[in-house]
Amino acid sequence: MLDLVTLRRDFHMHPEVGFTEFRTATKVVEILTSLGFEVIYGQDAMDGDSRRGLPSEAVLEKAYERALRDGANPAIVEKMRGGYTAVIGVKKGKSAGPTVAFRFDMDALPVLESKDGDHFPQANGFRSHYEGNMHACAHDGHTTIGLGLAEKLADGDFSGTIKLIFQPAEEGVRGAYSIVQKGIVDDVDYIFCHHLGVGVPLGEIHGGSHGFLATTKMLAHFHGVSSHAGASPEQGKNALLGAATALLNIHAIPRFSTGSTRINVGVLEGGTAANIIPAYAKMVVETRSVSEEVNAELEQRVRNIIAHSAAMHELEHEIEVVGGAIPINYDVDMAELALEEAKQVEGFHSFVNGAYNAMGSEDASFLIKRVQDRGGKGTYMSIGTDIPAPHHHQKFDIQEEILPRSVELLNRIARRLLT
Amino acid sequence: MLDLVTLRRDFHMHPEVGFTEFRTATKVVEILTSLGFEVIYGQDAMDGDSRRGLPSEAVLEKAYERALRDGANPAIVEKMRGGYTAVIGVKKGKSAGPTVAFRFDMDALPVLESKDGDHFPQANGFRSHYEGNMHACAHDGHTTIGLGLAEKLADGDFSGTIKLIFQPAEEGVRGAYSIVQKGIVDDVDYIFCHHLGVGVPLGEIHGGSHGFLATTKMLAHFHGVSSHAGASPEQGKNALLGAATALLNIHAIPRFSTGSTRINVGVLEGGTAANIIPAYAKMVVETRSVSEEVNAELEQRVRNIIAHSAAMHELEHEIEVVGGAIPINYDVDMAELALEEAKQVEGFHSFVNGAYNAMGSEDASFLIKRVQDRGGKGTYMSIGTDIPAPHHHQKFDIQEEILPRSVELLNRIARRLLT
Amino acid sequence: MLDLVTLRRDFHMHPEVGFTEFRTATKVVEILTSLGFEVIYGQDAMDGDSRRGLPSEAVLEKAYERALRDGANPAIVEKMRGGYTAVIGVKKGKSAGPTVAFRFDMDALPVLESKDGDHFPQANGFRSHYEGNMHACAHDGHTTIGLGLAEKLADGDFSGTIKLIFQPAEEGVRGAYSIVQKGIVDDVDYIFCHHLGVGVPLGEIHGGSHGFLATTKMLAHFHGVSSHAGASPEQGKNALLGAATALLNIHAIPRFSTGSTRINVGVLEGGTAANIIPAYAKMVVETRSVSEEVNAELEQRVRNIIAHSAAMHELEHEIEVVGGAIPINYDVDMAELALEEAKQVEGFHSFVNGAYNAMGSEDASFLIKRVQDRGGKGTYMSIGTDIPAPHHHQKFDIQEEILPRSVELLNRIARRLLT
Amino acid sequence: MLDLVTLRRDFHMHPEVGFTEFRTATKVVEILTSLGFEVIYGQDAMDGDSRRGLPSEAVLEKAYERALRDGANPAIVEKMRGGYTAVIGVKKGKSAGPTVAFRFDMDALPVLESKDGDHFPQANGFRSHYEGNMHACAHDGHTTIGLGLAEKLADGDFSGTIKLIFQPAEEGVRGAYSIVQKGIVDDVDYIFCHHLGVGVPLGEIHGGSHGFLATTKMLAHFHGVSSHAGASPEQGKNALLGAATALLNIHAIPRFSTGSTRINVGVLEGGTAANIIPAYAKMVVETRSVSEEVNAELEQRVRNIIAHSAAMHELEHEIEVVGGAIPINYDVDMAELALEEAKQVEGFHSFVNGAYNAMGSEDASFLIKRVQDRGGKGTYMSIGTDIPAPHHHQKFDIQEEILPRSVELLNRIARRLLT
């Protein structure tokens, strides 16, 4: 039987950021296989071109080699090479019935974990082995819960099919879309996604969460021509003039009366030296809105501003979408069903159907939306745990007693729907 | 015989700005006719579409009516209606020979003339009758000299042809181009243009002047969509955002290693009220360079910046060229010829072949260039007069003794070339 | 007895924009006086320095002379000269009691009224006599209602005091603040303000209206130094560079998580000619928020951006506040009281306690706030009328049957509170 | 006797960028000492606070350790630790006389040297050992010439004093100023600086070079406050908005009628992630002018624009001067003297007193200016060599036969002035 705490601490010690979850995903494949699940992974689980914000090949390769050094099964991980780190576990029950899916995200963050003595992982010897990376958003717990659930459902004693989706790159809302585009949830009737913590205390559970914002993250490149700034400034095509013009005008996009918005140019970098007309600049832009339509309009305006800021200075440009999410409209009856089951699980004592989730954006939204678009239902639950420091903080941690409770809850939900 | 002083003072009392020289031009037609010149005017003297910076129809009509009220010959002025105020006087000599042209500009400035007792026109009763307009750049003198020259040459006692070009709208470098485009100087072998004053003292004459800059004056219109700034800001297309972006980026056009440059956005106006997204803005832009090629490149860059600043905010735009000039490359031998003749005229005692002229730009440049392009020659002379205040100043004035001397000089030049 | 329709049509034919309501206010003074009211007006009714967005002296004087030509009582209007056009009518009842105030705004708009045959005022011979000005926001009706109410209350048969406030310059939210600052409502216990129309159909009434935005309107001046753009550009201090920089950065002020916001630069004008470095520019800026605190922060950020955009180009600047309003928090029991009385008035059949008012901002907010700050109560009612075209449109009109009904409603409210 | 080719190739194999010339300078100290020169170095040769664009401590330390590994004399290099890499060799002659100085720059460039077989250093086994650094501007040759000259003058058989100045960090015009500020040239009567190549072919020499521009290189830091772009954008202080505003306005600084100018923002970098309001940005700015006064005015305007662009967005800022130079006004008689001596040296056949030097800026200008300010004289010579690729190119190289010829020339100049 799986030891959930040991498993979670192993993942915690080996945090891997988005699309580099080679060791984590390999472990997931091994365990699911050992439990008798059909396992889909690598290019079978993701549409390569739909991955957003993929790291550079060099970064991917370095992480791949680290995973091998740290004992990742070479035969399995080889199929994930290049950033194909999604894993899908499928288990058919003893008779026909609906398909129920659960989503678990696996990626860590580029955060340097605390070495303070009062930080639980440090005090208990399972601080990150990868300096500068950390599981500071509970995805180590999510992955563990997914495997615990697999173990519970390994008997196949239900009517219908279980799909356990282990997703890469939730941070930056980059990974889910490629799973959707591969068609993984096209046959799903019910989908349940969740997050630990997010402002909900231990013992409380939200059956549904709303307030997730539609968002698009874009990376823009401006390509000009360098020239000596003293000898021939007029021969340059100044990438920074284009980028700075875009930056100001993107921030000047008007407020919308049809839905609140957010806009940010988070990064601007360009140029090489004082005496060279800058030939290249890049810019990272983020749009958000409570409304998917308004966010789409914001994205369109950003694209137009960038295109003309570039052309104004005779620059070439490209824009990559490196992340995105849409709002979640959870099904109220699914939330109610989850709460009913939670009432049967020891440790839960506060039950909320739906509440505002302060996490901003979630690309589980794409999975839920696809299921709903094809006639299914879904919800996004917030499962409480007290936390000593905010999400993404170097002292973030969860209470490990929530792991078995969450497994039990999800197991009850699955069996309720598959009878 | 014409009384030059009376004539100049009459013009001075009735200053008419560019393309509204209805009364002035009508007088010129009458006098040239009375002297036996063939007179070309109205649409025969100018290409309508090549006029730059034409005032609005309302302004043209108002000025037209004022001229009528002030005694302009209705039959003549009617042919000038709508801003066709160029007049060409042609006199064929008794035998064949080359064609010699002289240019005289007629327009005044939107300057309020001084009422101070020490201002000569005020003290002598010939201050402007048109409040807010003033002959503050000596064009009243230039026109007078042209008519004096016509009188001298009325005998036709020369070999060849004389063309006296009375040009509208030299201020803003707007009028000459339309005369060129009509073909008026296509048969000219020698052309002489000049200015009184321009930093040269009484008694001195420059046979040629250089340093005139190539320049383009543009009027850009930005058309957007208005919207209530509180209720629906996202429905507006903000003309001022486009215009302000253009303004900053136009000023940011780089220096050129191939020739010194100047750029100015002289006017920006847009919007109507605090709570309305501005639907319209206009902008006046000026480029200059010592090099005609560099100025053309500047104009191209300004056009590109305006186009993309507009498109960035989904605006429509148009750009009108409302003025322009090119550098003058005067013919050194023509300058020398002028100086030789000046030495025969009493009152001149300082003779300079060519010197830098501080006036900036002159659209006589188009006339001279056309003559040179077709194998002819030309020059631009600066004829000295002391002035009590700078050109364009409300107390500007000239010394009237320079009028007959200038007539004599030009007469000598004409006869020298037509023998 | 007053003929309300005749009165309204007279006001409609003589529309006067903010702070120039000389003829209107004079009529109000005459009628109130004839009805036995104590009348406070001119500098006694307004704090001169607290008037916002006052027109220029020339504009005020021209309007003043027009009012005289149109029969305004010279002795009365003389006291309003220079834009002191508020009128306060006070009537003490037969015994002591609370003070109840009503607000009526009198100003018109700079809108050219339609001449179409289907426009009721045109068809019925009472179109505006002042071309370009129009009562397109029902203030002619409001003023009429105020005078009708005065007539009803002229008997003094109540316990307490009535204050009828005829306010100038509600458009642009400019006039109320000066009445507040004069202390006019410092002794008021109950205040009722209202608007006809605003999206409410005939027969419906809202006892209270919310959603009014806090707003500040600013006029900024940028003072630089002109210079010849060709000869000495470096000697200029370019006012348009400062203004355009301010414009872009004002629009780039971030969204607030603490309350929705609006920002607009509605007007930018600067410069005189293509070849002159612009020495002056002006800019009209508007901020809004549902939160008074957020609006104050927006105003502070706009001021800071303007100050540093100016200083960046070595410009001087000033900022005038030319309009402003705050949100309205109406007293729910006052709204209820109004509805109870409306139920007694024939013609009303739909009753709403409080609803969102789409008009944006109202400076009645200052009057209501002052009354509430001193322990009193107040509300802002929306009284329905069908309208053929939106407020501020050249074909706007009201249904005149609403005038006597509104008078009756206000009379009932007054008497209810003064017994 | 020194083998100049061996020496140059040793320097070429160990290229050290500005202020990290630890190994090079240590060798210079050793050789000068062995030749009997008094040697001033470390903090005795440079004013620490006047060094511009000093690398970070980490970079300095890493280079220091590399020098130790590559055999730098520990006792000597220890005194240079932290970037004190100037070396001054002084030799007094046998009798009193004037002081004559020569300047040799020692630093390399961050250029990756070519590995192509046709690149002479590669083909001959002396390509750079330090990947990414390269002597691509002939300073290896300059240093070698300086040591060769020291050997010639070691006999002390002259009247007066020799000062050989081995300067760090000429690239980026950063090092000379600290030598001047230490007072090193305060007693110098004649100073000769030179460059190999710079467009002059083998066999030609320019006794003086003009056209060097005054320049200032600035590094600006903008410090704001980060915040979550979705949750609380208003709590951020956006460093990139300040920096982009500065960038546009710096480029918009007007042309000067008093001297041609250049302006460039060569680098802009800020922000960390799409969803974080950027808390920090940095910017590298360069100004240039033919006039030292105009360049000072440009620098002042850049500082003002940066200060107010920062303050507009409530940012803190600092500006470091990381490089600078002034124009060179060489003494024509010194140029003539140099040419006269060159005529005595075999290999020179083309002699130009003064010509435009295309290299842009040189901080030898500070050394020459200080000497001239104290009554001395100086010049900057261009000594010809054919080059296979432009300066700063990865295939740049010099012809080694110019090394002994240059030594002989400088020796002749020294002895001519010291007799």
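In this document, chain identifiers A, B, C and D correspond to the written order of the chains, with residue numbering beginning at 1 in each.
The criterion applied here is as follows: a contact is a pair of C-beta atoms (placed from the backbone, for glycine too) under 8 Å apart; a residue touches a chain by one contact, two chains touch by 3 or more.
Chain by chain, the UniProt names read as follows: A, B, C, D = Aminobenzoyl-glutamate utilization protein A.
Note that the structure is a prediction, hence the values are computed from the model and not measured.
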Margin query: Based on mean C-alpha positions, I'd like to know which chain lies farthest from subunit A.
Written below: B
Check: When subunit A touches subunit D, do the two copies use mostly the same residue numbers, with over half shared, or different ones?
Finding: same
Notebook entry, point to check: Which integer distance in Å separates the CA centroid of subunit A from that of subunit C?
Noted result: 52
Next item on the list: Averaging only over C-alpha atoms, locate the centres of subunit A and subunit B and give their separation in whole Å.
Entry: 68
Next item on the list: Could you list which residues of subunit C touch at least two other chains?
Entry: 231, 233, 241, 245, 248-249, 251-252, 254-255, 262, 277
Next item on the list: Quick one: which bits of subunit B touch subunit C in the complex? Just the residue numbers, please.
Entry: 172, 213, 215, 217, 228-231, 233, 238, 240-241, 243-245, 247-248, 251, 262, 264-278, 281, 284-286, 288, 322-323, 358, 360-361
Next item on the list: Sort out for me which residues of subunit D touch subunit C in the complex.
Entry: 231-234, 236, 238, 241, 245, 248-249, 252, 254-258, 277, 297, 304-305, 308-309, 311-314
Check: Okay, in this complex, where on subunit B does subunit D touch?
Finding: 248-249, 251-252, 254-255, 260-263
